[in-house]
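Take a look at the following structure, please.
Note that the chains take the letters A, B, C, D and E in the order they are written out, and that residue 1 is the start of every chain.
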Amino acid sequence: LGGGGGDDDVHFITDYYTDPWQSLWGDLESEFEDETDIPMNIEEGGMSGTQEGRLAQLIQSGNPPDANTSTFDQVADIWETDQLDTVNDVVSSIEEVNGEINTDAFLGDGDNLYQIPHGLYVSNFHYRADVYNELGLDVPETFSDVLENAEAIDNSDEYPDMRGYGLAGAPTGKSQDEILVMLASSGISGIGLRWQDPDAREQLEIHWPEDTVTEVLQYIKDLSQYSPDPTTIDWAGSLSDWVQGNYGQGYHLNAWPVGVTAQTAEAQDSDGLRAVAENTEIIPYPMLDGVDPSENWLSAPAPDGYHIFSNGDRPDDAKEWFEWLYADSIEQTVSFYQTDPGRFLPVYSDVIGSDAFQNQDIFQAHPHLLEKLEYVQDEIWGNHYGNVDEANISSPEALYMQRQWFYGEMVNRVVTDSNTVQEAYDWGYSQLEEAFGEAQETFGG
Amino acid sequence: MPDIEIRNLTKVYEESGNKIVAVDDVDLTIKDGEFVTLVGPSGCGKTTTLRCVAGLNKPTSGTITFGDRDVTDKPVQERNIALLFQDIALYPHMSVQENMAYGLKIAGFSREERIARVEEAAELLQITDQLEKMPADLSGGQQQRVALGRSLVRDPEIFLFDEPMSDLDAKLKAELRPVIEKVTDEIGCPTLYVTHDQEEAMTMSDRVAVINGGELAQVAPPKEVYDEPNSQFVSQFIGQPSTQFFDGNVGSVNGTAELDVGGYAYDLSRDGLEGWAGEDVRVGLRPQYIRVSEDTEAGIPATHLLDEPLGDATHSFFDTEFGEIVVVTDPDFDGNGKEYSLVFDDEYIQLFDTDSGVRIV
Amino acid sequence: MSQSDPPGGIFGLSYDDETRVFETLKIVSTAIIVLVGAWPIYWMTQLAFTQYETVENVVTVFPTPDIFTLDNFTVLTDPEMYTYMFNTVVVAIGTIVTVVLVSLIAGYGLARLEFPQKENFARILLVGYLFSPIVIGIPLYQIWQNIGLLGTRFGLIIALSAISMPFAVWLMWKYIMTIPEAHEEAAWVDGASRWRGFRDVVVPQCRPAIIAAALFAFALAWNDFTFAQILLPQTDTTTFAPGILRAMGQAQFLPDAYLMAISLAMTLPPLLFAYFMQSYLLKGFQVRAL
Amino acid sequence: MASETGESIRPGRAYIPWDDLPVKRETVAGVATVLPVVILYLLIAVLPVAFAFWASLHEIHTLNPEWQWAGLSNYREVLNISTFWGSLWRGIVYMVGSTLLQLGVGLWMALVLNRITRGQKLLTAVVFTAYLIPTIIVSLVAMRVFDPAGGVFQMIGAEWLGLWGGREGPLGSRDWAMRLLILIGTWKFAVFVTIFTLAQLRAVPDRFYEAAKVCGANRWQMFRDITLPRLMGIVLVVVLLRSVFMFNKFDIIWQLTEGGPGNATTTLPVLAYKTVYTGQEYGLANAISVVMFLFLLASAIIYFKLFNPSEEVETTT
Amino acid sequence: MPDIEIRNLTKVYEESGNKIVAVDDVDLTIKDGEFVTLVGPSGCGKTTTLRCVAGLNKPTSGTITFGDRDVTDKPVQERNIALLFQDIALYPHMSVQENMAYGLKIAGFSREERIARVEEAAELLQITDQLEKMPADLSGGQQQRVALGRSLVRDPEIFLFDEPMSDLDAKLKAELRPVIEKVTDEIGCPTLYVTHDQEEAMTMSDRVAVINGGELAQVAPPKEVYDEPNSQFVSQFIGQPSTQFFDGNVGSVNGTAELDVGGYAYDLSRDGLEGWAGEDVRVGLRPQYIRVSEDTEAGIPATHLLDEPLGDATHSFFDTEFGEIVVVTDPDFDGNGKEYSLVFDDEYIQLFDTDSGVRIV
């Protein structure tokens, strides 16, 4: 029975913990222990919320883990209080094997990296091509198109149980991400901040135009009519729903829904599911009517990876572990992407093009999935991100804002009719002001 | 107030397939104002009979009428009876006053009237100063008085008792007996009193109904049941210490019959023994009619076992060829384990059929 | 009251009519209880035997042969599920044993021994229930870490036992008070020591209270989510409730029909418990006051 | 009388001068019997609550081990949180609604179960099971039957009765969420009331009813005058326990609605939870918990003063 | 086997600040093989005394010795006593056989020996065919037999009984009394038997110790307690129906004393009344020594209230100026509510001090 962080093992908490991950971790752990005599204790973090709870327990009891997995803004609080260790050396070794990190997202201040990245999350729009064909729908370019399609699917007799759009409305995780993307697709900053002087990039100011934000909120509200109960949709639920064909359109990351569907189809040897996987199409998230794709405020995909706690018991051994994992060979690196096909865009530049990556079984069975992944990297990230310079506001303050939950809660308020669109905006705006004030105070910006 | 008529009452319980005949074709009339005691050993069907009369059990067959009203199928609530239980059944959460007034409250009497009636009853039962207490704070005797009072105030048409005193000790029983008699007299309705204590039956009743195995054995006034029991069972059951039994043989019968018990002969000068010459019989005699003689040849040889001095008399136990025999001796008797003989007072000898137990003369 | 009085039943019904109305009400009530009380369990059962695709989309009331399947139960063979359930059983049994032992002894002390403040003792214990356990995860984690029980099933057993304790002690206390002291005294007279008398005479007679306390402890242990989540952070030692939530969180494919199958498996032990133990149980719960 | 029997606890091997000690041997034995309980209680209740109180006096970011002394400022903040009073009010609604409904339903079930003759044992077992199964199962079943896709209650509520829209989940509806939480909770927890009251009912001797019948009482009067007083003691206890449990109830709310839609089902425990894990304000969350505790304590004391559930209603005869 | 010596036994209970003196300086010796009954009204301290002897209560002061062993501070387990309780403390979860063998098991006897001893005791008590049953399936009398058996098998040094028969009815009591006597005789150890039933005390004991309010009133053989009570309390308590009391006045005293009761004079030819001339006294007379005269002038005027025919005698209740008086009349007496007078048999008149209740002569 492994005791929490109390013993001598290198304690590593991760939410990469689906069934395939789990067996992979098991193998790697014993292999690593054999080779290095460093005992590992790999713990499942659990999704949304539970991992934070667990971290809180460990940190408050003076016993932080040695490493954990998450996106950077989720650990910003930890980083901010100097609990993280730099990982420049590890990352350099890994880059030698897998190629350079190809993101300019926030991984630390200045030259110091605090994350060993694993993958990137590119936000996009998913739809079911077969459904579109059957109903004669066009690929949406604007919010209105999405709405029209949603209505058509929702009311179609051909798909009586299928809803038009899967809208995340629980006041956490997915809804937060979804509204930030929608705002960016409307040509404004998702988190409501911009540089006062875009060139100097010194001082941030609030920029959250009421008419645009309310228009987006109204869009969300309209969408919710065609969605299964939004409050029950989160990251995990939305995937399961997609596999089961519960809705025809939705917001998601990379080619995650395709990957999950394909994987399940193979596991169950189900042609029906294979068809769903093959018919899952991915495009950039449509724009607010009248806004040009070049005005998209998406700046950089969120990087997901590992952080080392400087006040853990064995930070150096933890670093060794990640170096052992990723700097061994590109083949080994690829195996990590096999476990969760479609979920991540590899963050190291050589990976996606490598034979090892392209020859994965799942890609053999579902070439469509590889295509989609490449499309996400090349087309969506390549052409729809980073169009607006001001959108890149990477800074501690921006991080601080990113992990406020009021964005997601605004969605919740609107979809549950707790607030009118206007009320939700006003409330969100006041939260924004308050949080921004705190951020400035904390970071002296 | 009406008479109670019980006609051909039979009650059969069914329990996991078995049929238990608890009451078997019982016929009994209790006249207005009459106090009838139903007495018998445990399990003989007394309670069942009473519960049928009360309406708490439904007879398997037979009818029960109160006066000219057939109540056989009427629910309890419509019978207007008073019923006192073995376990006293006072409501523990109500005060004595409330307990007693409960029936009146149900019947819709006004507060004043309730209080007045309760006070009246309390006076009769001498519990006036107990009215404010809770039942748990009363002694058993007082509780039973309260239960009595609760029945009393409602002016019932019929009074039923089911061993109301079986949980009380002898002193309290003796004390409560006159109270019950006074109360039932006062109301003057027909009363059916169930007990397994023959002393209660004897002392309180106008008539005693002895029941055994679900069937009535004898129904008669107490003295008659005591002096002229119609069966060995009744003779043995009534009277304390109970009738002692011996095996005898009727000899020649002409005018007087000659009875032989253990080799000693007694002359019985009574009629009705004509057909019994030469037959074996059961001989019963109450212990006070047996004399202890120091002359070991005078009667049935008996070895003294034990004396129970009661002050005004002694119960002495002897071992004889007929088993252990109890004799009432005088207060100063001290047997000391010696040999004696037992002599019968032949006037009081009762004879029973050996097989059926039916009284012969 | 004489014969001419109006009938005295409810709403002026005669007593017989009242009985008839009452019987009808009883039947109607029984029907409602069967419907509402048993229905969810039935529903869960029937869904567990229905193909998962069907469950997601249409309402079915019975797993007719065309949609009947046992496949949903394959989820139980998943080693993780199996571990969760096994751990739950271990923890439940451990908790029951601990609660019964400790509460028996404490209940005995309260009922039979004289010491200061004992009357207030059980009441003070109940004050513990007033504090919402939502925020005590962190201190609990620390305490358990310090006493070295963190991450062990035994540690969870201790925690759950402690939670059941105020109630179980109260129950046991009140129950032991109903056992005549004479029984014990008779044992002492026979030469039994106090402990022996307790073991041979009091404990066997406490069976209803033991079962009632066991039931309470079982309900808690079987149900527990919060404490297991905090005290058994490792997947391989955790119990059903947090386990199933983790499974729901990590699984990218876990249809409701599978969940119903697991739920059914977790429902059977309590059902059997309730069926076979209810008479003792009801006797044990005959306490009346705090 | 028990007090008189201390002498039969034999002294151990070592000689202990009991007669010279300031405490009686029986006191020591008595305290020893409750010692395990005290220790467990210390671990699970006293220490964590003390910790929580201590933490409530600090400014604590959940993921930062440094605590900053804040005095009572967290308490001031609690009362100023926009959602605090709303959550308190909803908590009270949830508590009172649940408790009353559970009491009514629980009592009613007990009365029926006590009287039915056929299938009594099985039905009782099934009813009891509701209380014994994990909350998560109740939630899973509830979410399934209210699922807009293929949920049977969804179908009945939306399509047959038209209570809510065909595609809107009632658990996500402002009008229905709280009501359904109370109803679903009642399904599970009313059984708690049933168990206790049924146990009492089984112990009422028939003779009380027979005595009342003899007095001419009808069924309602018998219920009012015999059954109810008999149940009163335990009902007072159960109401207290259930109120406390429901006020502190977290899991079933969180599993079914996570406090939503909006804040429609955010009670104080949910608020505290959100404050820890979304708001990351651990000190503040502890302050909320302490306030909840004080609120319950005050209510409980008032309840005790009013009804005194510790007084056993005399029902032994 | 040892004698029991109780010396200056005092037991004070403290309850919420009040001190209750339950037993007050009691001195009593029970010799080996002697059967002493402690009798008295409810709450007089009988049980407390017995529990002190048993070791279940600790005396406040005084000593208890068994032979030459001072057991005052010894726990129950070391006293080797047998104790029968008022509430028949059979272990409900053990069969009769197990109940009886429990003490032996504790003492470490082998299985065979246990069975042998239990069978032996069961035979003596005639419960051989009950051994496999559970206590709940037995009648009260049988249960008490089992309890007796449980004590018996252990060969106790001392036998203690606390109202073992108070829950049984009269018939069962009468049946069980000889059994208890036989058993205690058999073991032959000192026996202390507590009861509030004077009949039990009278019939079973070698000596009767009457206790009242925690103090011993009289310790003497049954006959002496009955015939020569040393106080009004004892006189009233012993004997059923109990002694009737009247107010009287002693007139001139010379040789014989003249006693005036309700205007009727009786000559008492006994010594010891010298100092009492002109004093008021309490006059006690057992009901069988009061005669009912139809001549209303012959004695104290009395209105007949009620008869309780018992078969061999009748208890008749009369209303007199001294309250309700019970008289034992003959079986055929039927008072019928008429006026009578009561005449005393002066030989049996007992006189008591009006204030202290102490016997005068």
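Assume a contact is a pair of C-beta atoms (placed from the backbone, for glycine too) under 8 Å apart; a residue touches a chain by one contact, two chains touch by 3 or more.
By chain, with names taken from UniProt: B, E = ABC-type D-xylose/L-arabinose transporter; C, D = Carbohydrate ABC transporter permease.
Small disclaimer: the values here were computed from a predicted structure and weren't measured.
Note on connectivity: the fewest steps through touching chains from subunit B to subunit E is 1. Of the two interfaces, A-C and C-E, the higher number of touching C-beta pairs belongs to A-C. Once CA atoms are averaged chain by chain and compared with the all-protein CA average, the nearest chain turns out to be C.
For the pair subunit A and subunit D, the distance between mean C-alpha positions equals 40 Å. Centroids of subunit B and subunit C (each the mean of its C-alpha atoms) stand 52 Å apart.
Spacing of subunit A relative to subunit E, judged by their CA centroids, is 93 angstrom. Between the CA-based centres of subunit C and subunit D the separation comes to 14 Å, rounded to the whole angstrom.
Residue numbers of subunit B whose C-beta contacts span two or more other chains: 75, 77-78, 80, 106-107.
Multi-chain contact residues, meaning those touching two or more other chains, occur in subunit A at positions 53, 56, 60, 161, 246. Looking at subunit D, one finds that residues 1, 5, 8, 10, 143, 149-150, 216, 218, 276, 282, 313, 315 touch two or more other chains.
Listed in rising order, the residues of subunit A touching subunit D in the complex are 49, 52-53, 55-56, 59-60, 62, 64, 75, 77-78, 81, 83, 154, 161, 163, 169-172, 225-226, 228-232, 246, 405, 412-413, 415-419. Contact residues of subunit C toward subunit B in the complex are 1-3, 7-9, 14-16, 19.
Considering their complex, residues 1-3, 5-6, 8-10, 24, 26-27, 29-34, 36-37, 40-41, 43-49, 51-52, 55, 108-109, 112-113, 115-116, 121-138, 140-141, 143-145, 147, 149-152, 155, 187, 195-196, 198-200, 202-203, 216, 218-220, 233-234, 236-237, 240-241, 244-245, 247-248, 250-251, 268-269, 272-273, 276, 282, 285-286, 288-289, 292-293, 296-297, 300, 309-313, 315 of subunit D touch subunit C.
Of all residues in subunit B, those touching subunit C in their complex are 69, 75, 77-78, 80, 106-107.
Touching subunit C in their complex are the following residues of subunit A: 1-4, 6, 15, 17-19, 43-44, 46-48, 50, 53-54, 56-58, 60-61, 63, 161, 236, 239-240, 243-244, 246, 260, 263-264, 267.
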